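Common to both upcoming complexes is chain A, partnered first by chain B, then by chain C.
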Partner chain A sequence: MTTTLPSASGAAAVRQPRTRVRSLIRAIPLAPAIILMLVFLLGPIVWALYGSLTNTALSGPNAANPQFVGLDNYRQLFTSPTFPLSVVLTLIFVVASAVVGQNGLGLGAALLLRRASKPVRLIVGLVFVGAWVLPEVVAAFAAYAFFHNTGTLNALLAGIGITGPNWLYTYPMVAVILANIWRGSTFSMLVYSAALNEIPDEIKESASIDGAGGFAMFRLITLPMIRRAMAANLLLTTLLTMSVFALIYIMTAGGPGFDSTTLPLLAYQEAFKFSRVGYGTTVAVVLLAIGAVFSVIYVRLLKPEVDI
Partner chain B sequence: MRSHSQRLTAVLAGVAVLALAGCSSAQSGESDQTTLKVVYLIEGDASPLDAVMQQAKAEYEEANPEVTVDLQPLKSSADDYFTKLALMNRSEATAPDVIYEDSFQVKSDAAAGYLAPLDDRLAAWEDWGQFVDAAKAAGEGVDGNIYAVSLGTDTQGLWYNKDVFEAAGIPLPFEPESWDDLLDAAEKIKANVPDVYPWEIYAGIQLAEAGTMRGFQTFLSGTDDSLFNEETGKWVVNSQGFEDTLELISTVYGEGYSPEASIALDPALTQTVWGTWLPEGKVGMVVDGSWLPSGWADTGATPFPEWTEKIGWAAIPTQDGGGAGTTSMSGGWTVAMGSKTKHPDEAFDFITTLLSEQNALKFAVEGTQIAVRDDVAAEPDYTGANPTVPFFTDQVDVTHFRPATPDYPQISQQIAIATEAVVNGTSPADAAKAYDQAVIGIVGEDNTESGR
Partner chain C sequence: MVIEERTRPVERVIPPESPAPQVRDRVASPSRRVDAVIVNTVLVLVAAVFLLPMVWLVLSAFDPAATLVLHLPEGLSIGNFRDVLNVDQTFRPLWNSALLSFGTGILTLAVGVLAAYPLSRYQSRFNKPFLYTVIFGTCLPITAIMVPVYALFVSLNLVDSTIGTILFLSASSLPIAIWMAKNFMDSIPVSLEEAAWVDGASAFRTLRVIVLPLMKPGLAVVFLYTFIGAWGNFFVPFVLLLDPAKQPAAVAIYSFFGQHGSVDYGPLAAFSLVYSLPVIVLYIAVQRLMGGSGALAGAIKG
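For the complex of A and B:
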């Protein structure tokens, strides 16, 4: 025993530098990807951080000579009346359409589809995937036509004797949230279907032998086993939904007033409509920060099993 | 697994190489041919400007075979056009040589360094003397240099549907002398003619300049206040006139004279109003530009040959008939040379071709513009082009211009926000207060003064 120890540690000491060199060599093929990520992902973020500290404009003297204004943009943003409204609208939009709507509907559909017969599964699958394969602009116009004052929804309601409201004007957030649920649930359904298929039949079988009913089975077996997929899916849908722009822009353009101006629309409006690029960038940076907070929360909440 | 990720890396590296190669090949490919990039705006389907551009291109290319004029019309709303133009102007690779530029953007874009000063070239151009002084001033930058040459100007008037007015029992011709006369007429239409919007006032963020200039500022110019004090160079906040104008808009929407907010805030509304509602008698009256008849012409977007009989026009009254009694607002478009152009001589030459007497006349007639060249203004083809020409030319005497400062485009957006707020039910006082704060935020408290 004692004689083998030194030789073992000696061998380890010899091997260590070699492994380091080898892992360095192995990392070389990764370099292009890492460089691309640094240039095209980290680069814009750093640039945005810098841009948010200037008063760059699209036109006027500040377009020719933008000045460094420190935290002025942030000070102005945090005291403006539209900012808190916009943050609240963004949170409502994300929670209602992504966390509750897309995840709930996606999980529900995935669970139900496992028990459905093959033709039902096929038809429902087609309907769901239909919304997903539509390009965002097309989906947004379809949703616009559906919720428009004289659109499909109100025509259907009129058919059963109800005069529908002007959804896009009276309930803009409801309209865009429903549209986003319609559009995004497919993704969640696909993720959950895949995760549910991964649960081994033996475990479910032994659980039912132990007397687990439908709900207990879901809570004790299904949910824990799809936790990883759930965390990944929540993270992805949250981040995707937070940056939704075209859907809302086409349906309501952030209006009426600022009643559906989520942060991406506010950033666009400030930068490109009101030509205050620096200020718009500030909004974008805040959006980035909120996204980061969401990511950290999800990763923390679902520890330790989760490694995304 | 490993071979998979290695393959992926190789693919990514390949893509990167291709992308770099793409960048370099885009910059090569020089030839003897000079290309002039001309960027302009097309709103709607028919564009008198496009016709003039095509003609100028043909003329210029025939006289200068070594130059290709690359016309790049942007089909968009005027608001998006400014954004696209500004983004193009930021980079040498995309900046246009010749730019069709709204006169209210000239000072702002000149200050941004997007436009080249033209003083020396204009001094050497024999036709420059033909331009009226107001047109010359329209192209001036803050530094006093001329950055753009006026294509034409316009004034605003009150357009009304005669059938609607007759049905409401309002004697024609309609000659309102105060805002109260307008409100009375609207009330009569509301009471007597069903299913008609008596009085449309453009408002809201999506309508952009149509709302802030044609909707708001024409009426503000009829009060005792203004947006900007030209003498002190300060923006006016806390002004009674501003609040009164918002009050007027609030009344017009509150009484249902204008369509409900969900329709009124539609970005395509202006075209619907003059193209469909006014001809069909769905709207009683609207303040709009002198250019409307170009849209009703046979070559226009919505031909309406009977317009001379069905449609009336009147001067816009001041708030209580004071001052000159009537008022108007003027804008107009100009042509400028991009500061990043590599061919300034050719670019300026093309501008002079575009603005020649013949082409200016064609644009003034087909685009129903108010001529800014003396020789064009004297042409019988122009003065007899349509029955509104003398009327709208007369409005030049009482007209107003938008504040000539680089800050104006930003402040205009704040006016749009204020009008949209009152349309949606905010009180005029609150909307005015929010506007005041926003203006102070943009120009700083030192550059504002109280109107009361």
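For the complex of A and C:
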């Protein structure tokens, strides 16, 4: 227990340091968590900010003695042909697979599941969750087989008389986008199901008494009531999709050429394949900055609701 | 007083479920019935498409002549499993996965619960900024920092270290673990501890004797959630563990898969099934513990 000096005159003056000591003691259990996160999360982020200003390499003279090169990496980044392509591909990947695909399909499935018969609800729920709990590597392997030139998709297309293209080479982005929708929609479906469950029945009841049809009900009642969940889900799926690595890396390895190299793959390839760690770190910093902007919006969005 | 004990529990971790009788369902008009048929058909079709890659995986694992296309095998056999279930190809990678996942799960749980205790029990002006930082950290794309993390590991001489990888995996799963643990702890009334404090028990003792036993399901959820995350993680061990003898199953499957050359798809599918099985079992366990509402849905709703 903390000891207090007996003091007749300044009770307030004594209490100040005493409570400070006590709040420090009470914060001790936080120390291991803070140390771990400082060393392994904040450390790399700070190092990335510095490393992006150097020409660090994996091997060669620049590995032992990296030079400070200022904003050279950034200048190079914005003038290279691969970086803008990679940004565009990341944007396409996020918008098509997360914003449109996962959210659309997740919301659609959540809405339909409420009207489905019980056995259908059970089976569909199981299948969706199955695609979601498979480890990423296994999902990527299954998706690779599905979209392969001699895979299931082209066999199905051949069944109805269409010669399917070589998806992984001709349309690599289409393949990885569909694979990510397959894998990620369940998350959105669970979020939307929970949100839909929280709409009070009285509201829907009175709306239907007032003569609101299916679509009017959705637009005027359901949509406004799940708006928060929708915004939170859009941000979360965007953040998750932006950092997808294994799925794309295993299905196409970013290829052919750079045709499916999103930012995480570009950072990895620059650093480890082309041994330009400084340059790869610069890509990582850009990705981190985009992620940070979305995270801040997400935290602000949750703020009034989260009661800490 | 700057600091006050929290006097009232925050009584919401799991949102109450409302099994809602649908108003419009009571009237079964002909158009309603057509609607229902369409709804069911659409859902079953989507589910069928979703199921195809998974069915391929399962059938190929038991097919002695597996190819990339989904087809009914001539005959089922467990030959693929027999081919792949040996120390080098399966058991060592699975053991490495287990080491990484158990280590990460236990470390994250211990550190996360310790951190959650003051955040849940004492009110301090640092709580809010700390928790917002934690949510912010939950969102950051971890793949973006793997290049700098590799550089950090080189300078700390931690590359190829299982312990180093566990430390990093723990640090990256801590934000969500602290968040979940705090929410579970908030649902336990503080009045029980107050009685113990009056009797002179220390905060650490009340945590151990009173709080932890009461939040066992919550502890299990945090552990399992972290475990599943570590088990499925590919990128982190792929970058930090270069020695094949230390790599977990996620990386071993990728090496097996090769650089898109010709591969034995049957054994690979068999290995994938064996590797996926624990995650599926544990996921069901989490569902049971959470009483039906998804662990993730609960976590992001706060």
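Definition applied: the second predicted complex is superposed on the first by the 250 of 308 C-alpha atoms of A that agree within 3 Å, B and C clash if a C-alpha of one lies under 4 Å from a C-alpha of the other, contacts with A are read in each partner's own complex, and residues count from 1 in each chain.
Note that a contact is a pair of C-beta atoms (placed from the backbone, for glycine too) under 8 Å apart; a residue touches a chain by one contact, two chains touch by 3 or more.
In this text, all values refer to a predicted model and were calculated from it rather than measured experimentally.
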Item to check | Partner, of chain C and chain B, that touches more residues belonging to chain A | outcome: C
Next on the checklist: On the A-aligned overlay, A:69 touches which partner chain: chain B = first, chain C = second, or both, or neither?
Outcome noted: neither
Checklist entry - In the superposed arrangement, which partner chain does A:127 touch: chain B (first), chain C (second), both, or neither? => result second
Checklist entry - Touch check for A:166: first (chain B), second (chain C), both, or neither? => result first
Checklist entry - In the superposed arrangement, does A:175 touch chain B (first), chain C (second), both or neither? => result neither
Next on the checklist: Quick one: is A:81 in contact with chain B, with chain C, with both, or with neither? Answer first, second, both or neither.
Outcome noted: first
Checklist entry - After lining up the shared chain so the two structures overlap, which partner does A:273 touch, if you call chain B first and chain C second: first, second, both or neither? => result first
Checklist entry - Does the superposition put A:226 against chain B (first), chain C (second), both, or neither? => result neither
Item to check | Which superposed partner A:256 touches (first chain B, second chain C, both, neither) | outcome: first
Checklist entry - In the superposed arrangement, does A:29 touch chain B (first), chain C (second), both or neither? => result both
Checklist entry - Common interface residues of chain A with chain B and chain C? => result 29-30, 32-33, 36, 253, 272
Next on the checklist: Taking the touch rule as given, give the residues of chain B at its contact with chain A in the complex, in rising order.
Outcome noted: 5-6, 9-10, 12-13, 16, 79, 82-83, 86-87, 90, 105, 108-109, 111-114, 204-206, 261-262, 265, 267, 406-407, 409-410, 413, 420-421, 424, 434, 441
Checklist entry - How about chain A: which of its residues touch chain B in the complex? => result 29-30, 32-33, 36, 57-64, 76, 81, 149, 166, 168-170, 253, 255-257, 272-276
Next on the checklist: Quick check on the complex: what are the chain C residues that touch chain A?
Outcome noted: 1-3, 10, 15, 17-18, 20-25, 35-36, 39-40, 42-44, 46-47, 50-54, 56-57, 60, 67-71, 110-112, 114-115, 117-119, 122, 124, 126-128, 130-132, 135-137, 139-152, 167-168, 170-172, 174-175, 178, 203, 228, 231-235, 238-239, 250, 253-254, 257, 259-260, 265, 268-269, 272, 275-276, 279-280, 283, 293-294, 296-297, 300-302
Next on the checklist: So in the complex, the part of chain A that touches chain C is made up of which residues?
Outcome noted: 19, 22-23, 26-27, 29-30, 32-34, 36-37, 39-41, 43-45, 47-48, 51, 56, 105, 109, 112-117, 120, 123-124, 127-131, 133-139, 141-143, 145-146, 148, 150-152, 154-155, 182, 187, 190-191, 194, 197-198, 201, 204-205, 208, 232, 235-236, 239, 242-246, 250, 253, 263-264, 267-268, 271-272, 277, 280-281, 283-284, 287-288, 291-292, 294-296, 298-299, 302-303, 305-308
